[in-house]
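Chains: A, B, C and D, in written order; residue numbering restarts at 1 for each.
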Amino acid sequence: MSYDKTLGEALRRQGVSRRGFMKFCATTASLMALPPSMVPAIAAALEQARRPSVIWLSFQECTGCTESLTRSHSPTVEGLILGQISLDYHHTLQAAADSAAEHAREEAMKENYGKYLLIVDGSIPVGNPGYSTIAGISNKDMLLETAKGAAAIVSVGTCAAYGGIPKANPNPTGAVAVSDLIKDKPIINVPGCPPIPVVITGVLAHYLTFGTIPELDDAGRPKVFYGETIHDRCYRRPFYDKGLFAESFDDEGARKGWCLFKLGCKAPVTYNACATTKWNAGTSFPIQSGHGCIGCSEPNFWDLGGFYKALSVPNDPVTLVAGAAAAAGVAAGAAMAMRNRKAKADAKSKHQTVTIDDLEK
Amino acid sequence: MSYDKTLGEALRRQGVSRRGFMKFCATTASLMALPPSMVPAIAAALEQARRPSVIWLSFQECTGCTESLTRSHSPTVEGLILGQISLDYHHTLQAAADSAAEHAREEAMKENYGKYLLIVDGSIPVGNPGYSTIAGISNKDMLLETAKGAAAIVSVGTCAAYGGIPKANPNPTGAVAVSDLIKDKPIINVPGCPPIPVVITGVLAHYLTFGTIPELDDAGRPKVFYGETIHDRCYRRPFYDKGLFAESFDDEGARKGWCLFKLGCKAPVTYNACATTKWNAGTSFPIQSGHGCIGCSEPNFWDLGGFYKALSVPNDPVTLVAGAAAAAGVAAGAAMAMRNRKAKADAKSKHQTVTIDDLEK
Amino acid sequence: MIGRPIDIPIRAENGDEPVSHGNALPLLHEVRHALERLLAAGEETVIDLRSIPMGPGDEARLEAELGTGEVSARLETAIGPSVALETRFPGVWLITHYNSEEQILSRFIEVTEVPAILRSQPEDVREGLDSLSEQLLQQTNE
Amino acid sequence: MIGRPIDIPIRAENGDEPVSHGNALPLLHEVRHALERLLAAGEETVIDLRSIPMGPGDEARLEAELGTGEVSARLETAIGPSVALETRFPGVWLITHYNSEEQILSRFIEVTEVPAILRSQPEDVREGLDSLSEQLLQQTNE
C-alpha cells in the first residue's frame, strides 16, 4: 500500500463498498474500545488516514508478542489495519537479515525522521549487553538510536513495558523496560504476556485513525483498554458479590462457575480488557475456562507471591456487599455494576460497614 | 368479523404487524391497479374501513365467476379482503337453502337498506322466467326487489354485465344484462368469462377502501382495469410493431413467440387487464401460452365472427409502424409504448402514412 | 427465489436463451432516472411490476440485468413472507410479497436507501416496548 | 447463526441449562430505555456487545430473551458478511459482523428503525448509477 493514498481510497480500490467501510469503522471503534457514537468521527478520520511509517524492534523476548499480533492477521478488519500500517522494519518477520535488514531500518529512519512510530517488544539487557544483539549491535544502542527520530514509542508486552519475566528475580541479564532508558518521547505501554491481539491492533488503529496516542494511565497504559480491573468487568463478579466462591478446582463452586478469588485470582488488582474483549475472536479468557487471572499485564506480576495464593479474604461479603447492591435498587450483575458507578458510590457512602474498599474500585 | 371493528383493528387482533399491514396496503394498491404513490392514502382509508354488507345473487350462470373469485381465496391478501367484506347472502355458497337462505337475504336487506352492495353474476332470462328461479322466485323479480335497497350493483362476469353466452344467438332464454333491467342505481361492470379474480377483488377493495365506486368507462367498466386494450399492454406487442407474426400454431413464429394477430387474436379490441395482472397468481395468460385472446370481456364476444379469424391485416406494418417507433427515438417495447403515449402520438401525427389507426389506440 | 410460479416460457429454437421482448430495457432507463432523483433530491420511486407488460424472457432479462447486490432481507409476517433484495445497483431494491403459501402477491422495484417494509414501524415498536416492560417487571418480581 | 465461536460453557450440575450470571437483565433494561428514547425523540442507540461482561450463559440468555422478529438480513461485503436480525422487540436489532472466514469481528445491539448498515449509501448509489448508465449506453449502441 503506497504512502500517498488515503485509507478510504485504498479500500475503495479493493472493492470495499461504503457499507463495508462502515462495518470496518464500527469494528475499529469496537477494537479501540470507543463508544459506537464515535463511529462517524472515526469514519471521517480513517477515510483521510495515510499510511504511517512503522519500525518494530524485538529485543529480549520469546516472540509471543509478535505471534499474538500476527495470529490475528487473517483477511479481517485487523488485517486491513495491519495492511495499512505495514511495517518498514521487523527483524523477526523480515526475510532479509543482518546488514540488508539494518539498511532497511536506517532508510526508514532517514526518510521519516521525527514521524515514524517505533514499536518495541522484549526487555533490554543492560547488565551484560552480550545477552542480546542484532547484527552485532546491542539492544540498548539500537533502541537509543532508533528512538531519536520516533514520534512515539509503543512498548508491546510486559517485557518492553515493565521488564517482564527477564526482569524477575534475580534478573540475570539486568533487564530493564523501554521507559527506563527513554525519557524524552511519548511511550505507550501495551502490557500483557502476551497482550491481547486486538488491544495491540486497537492502539495501532488509534494512531492510524487520529495520528495521536490515546490517553494513558499512571502506568503508561491506554485507559480505554486498561481503565478497569478484570474483576470489575468479570461476568463472575455477581458471585463474588453474593459471596459464592470456588474453594478448589474441582468442587461444586468450580463446576457452577463461581468466583475464583479464593483460588488466587488476581483480577481485582489487574487492569486489562480480557473480561470483555476476550481471546481468540472473543471466544473465552482464563477465568471463563476456570483458572484465575495471573495478572500478566501488571508490573512484576511474576514476583507477586504465587498464582494460587488469594489476595485477601473478604469480610463476610454475603451480607455486606449484597446489602449494598440491594440498597441501590438494581439487579446485581457486572454489567450493571459497571454501568451504575454513581448508584454504587451512593450505596457505598450510605453503608460504611462495607470494609473491602480495596477491592471495590 | 363484526361490523363495529375497523379493518385496522381486526388485522391487528389477528397478529398482523404494521409491516404486514403495509404489505397488505401495497398489494391492495397493486390489486386496484393504483400507483404505489397512493399507498399512504390507501393505508389511511383501509385502517378506518368498516365491513360493508354484501349480497351476492347468482342467476343464469355456470358458477365460473364464483369459482374464479373463491379460487383466489387462500389465506392471502385477497382472503383478508374477502374476509372483511364477507357476504351476508350468497345462494351458491350458502349452507342454508331455500326459505332459510331467503330469510337471511331479507334480513340483510332490511338491516342495511340503502347501504348494501349488491353483486350479481349470470344473466337474467326474461323470455321465459321458468328457466331460472331461486326458491320459486324468478331471477328478474329477485333482482328488482334486491336492487331497490342497494347502494350500488356490481355485475360480475360478462353474463351479468352484457348478457354473455346465454344471450348469444339465438338467445333461447331471452337473457339480458343487469343494466337492461336496472336504470336507477350505479352499476359497475366487471366483465370476463370469467373475470380475473384479482380484478373482482380489486373492485371490492376499492369499495371497501374508499366507500365509493371506481371511475367507469362507457361500457360501465372500471377504467383502472379496463382502460387499455390487451394488445397495448401485451409483451408480444414489439413483434407486432416489427411485423413479425405467427401464421400457424406450429410455425417458427409461434415457437419464437411472435404476435398472434393473424391467428385471430382479439387483443387489439379487447379491454382487460390480462396482459399485466395475468392469471394464477401472475403466472401467465392466454397469449403467453400461445393462444390468441378471444375477447371474453367484450359485449357479444361470442358472436363476433370466430376466434381464429384475424380482425384485419395490417398494411405492411414493418416499414410503417417500425418507422413511427424509430421516429419517436425510443427503444421499441410494450412498456415503453405504454409509458410514452405522448411521444407515440407525436410520431403518429408526423407519419400520416400509418394506416392502421383502428389498431393504434 | 422462493415459491416462484412456474413459467411456461416461449423459447427460441436454440432452447437456451429466453426471447427478450424488449420490455426490460425501458424499465432500466426508468430506474436510471429514479436513481438520479434519489441522489439529487432524496426522492424515492416505487414501480409496481404487475403494471408492466412482461413476457417470460423479459422478467428473466430484467432480473439478470439488475443482478444481486450486497443485501438480502427476508420479512416474516402473519400474512406471509416478503423478500427484499438489493440489486447490484445500490439503492435499487426488488421487493416480492408472498402469501402464506409462498405464492407471489405483488412485486415492486423500489429506488430508495432502504425499503419502507424493512423499517421497524412505530406502532410495532410501541407494542414491543410494552411487552418488554411487562417481561422485565415479571422478572423483577420473581 | 453462522461461524459462532465454540463456547466452553460452565454448566450447572443438571447439565442442561447454562448458568446465567445476571448480566443479560441489566442490558435488557438498557434496551428498554433506548426504545423509549427511540419512540419519544427518534434517538438511536448502539450498544457494543464487546464492551459488556458476558459469561457463556449470559449471551445465550440475552439471545433467548431478545428472540427473533420479523426481519433477517444478510449483507455481503468485500471484508466478509454481516447479519442483521430484528429481535422480537421491533426496533431492537442484533448486528453481527463477520470476517471472510465467518469469524465474529464485532457485535452490536442497535435500537433504531433500521440498522445504518442496511441502508444504501450515497457513495455506492453514485457508483451504481454510473455503471447502470454505462451499461445502458452500451446496449443502445449495440
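Odds and ends about this structure:
By our rule, a residue touches a chain if its C-beta (ideal position, glycine included) is under 8 Å from a C-beta of that chain, and two chains touch if they have at least 3 such contacts.
All of these numbers come straight from a predicted model, not from anything done at the bench.
The minimum number of touch steps linking subunit C to subunit D comes to 1. Ranking every chain by how far its Cα centroid lies from the centroid of subunit C, the top place goes to A.
Across A-C and B-C, it is B-C that has more C-beta pairs touching. Computed from the mean C-alpha positions, the centre of subunit B lies at a distance of 46 Å from the centre of subunit D.
With centres set at the average Cα position, the gap from subunit A to subunit D is 27 Å. Residue positions of subunit C touching 2 or more other chains: 25, 29, 70, 75, 77, 90, 121-122, 124. Shared contact sites, meaning residues of subunit A that touch two or more other chains, fall at 17, 19, 331. Under the touch rule stated earlier, the contacting chain pairs are A-C, A-D, B-C, B-D, C-D. Contact residues on subunit D toward subunit A in their complex (touch as defined above): 5-8, 10-13, 19, 21-23, 25-27, 29-30, 46-48, 50-58, 75, 77-80, 82, 97, 99-101, 103-106, 108, 116-117, 121-124.
Listed in rising order, the residues of subunit C touching subunit D in the complex are 25, 28-29, 31-32, 35-36, 38-39, 65, 70-77, 86, 88-93, 112-114, 118-122, 124-129, 131-133, 135-136, 139. Put simply, subunit B touches subunit C in their complex at residues 14-20, 22-24, 26-27, 29-31, 33, 35-37, 39, 74-77, 79-80, 233-239, 252, 255-257, 275-277, 280-284, 288-290, 330-336, 338-339.
By the touch rule above, subunit C contacts subunit A in their complex via residues 70, 90, 140. Remark: subunit B residues 17, 19, 331 touch subunit D in the complex.
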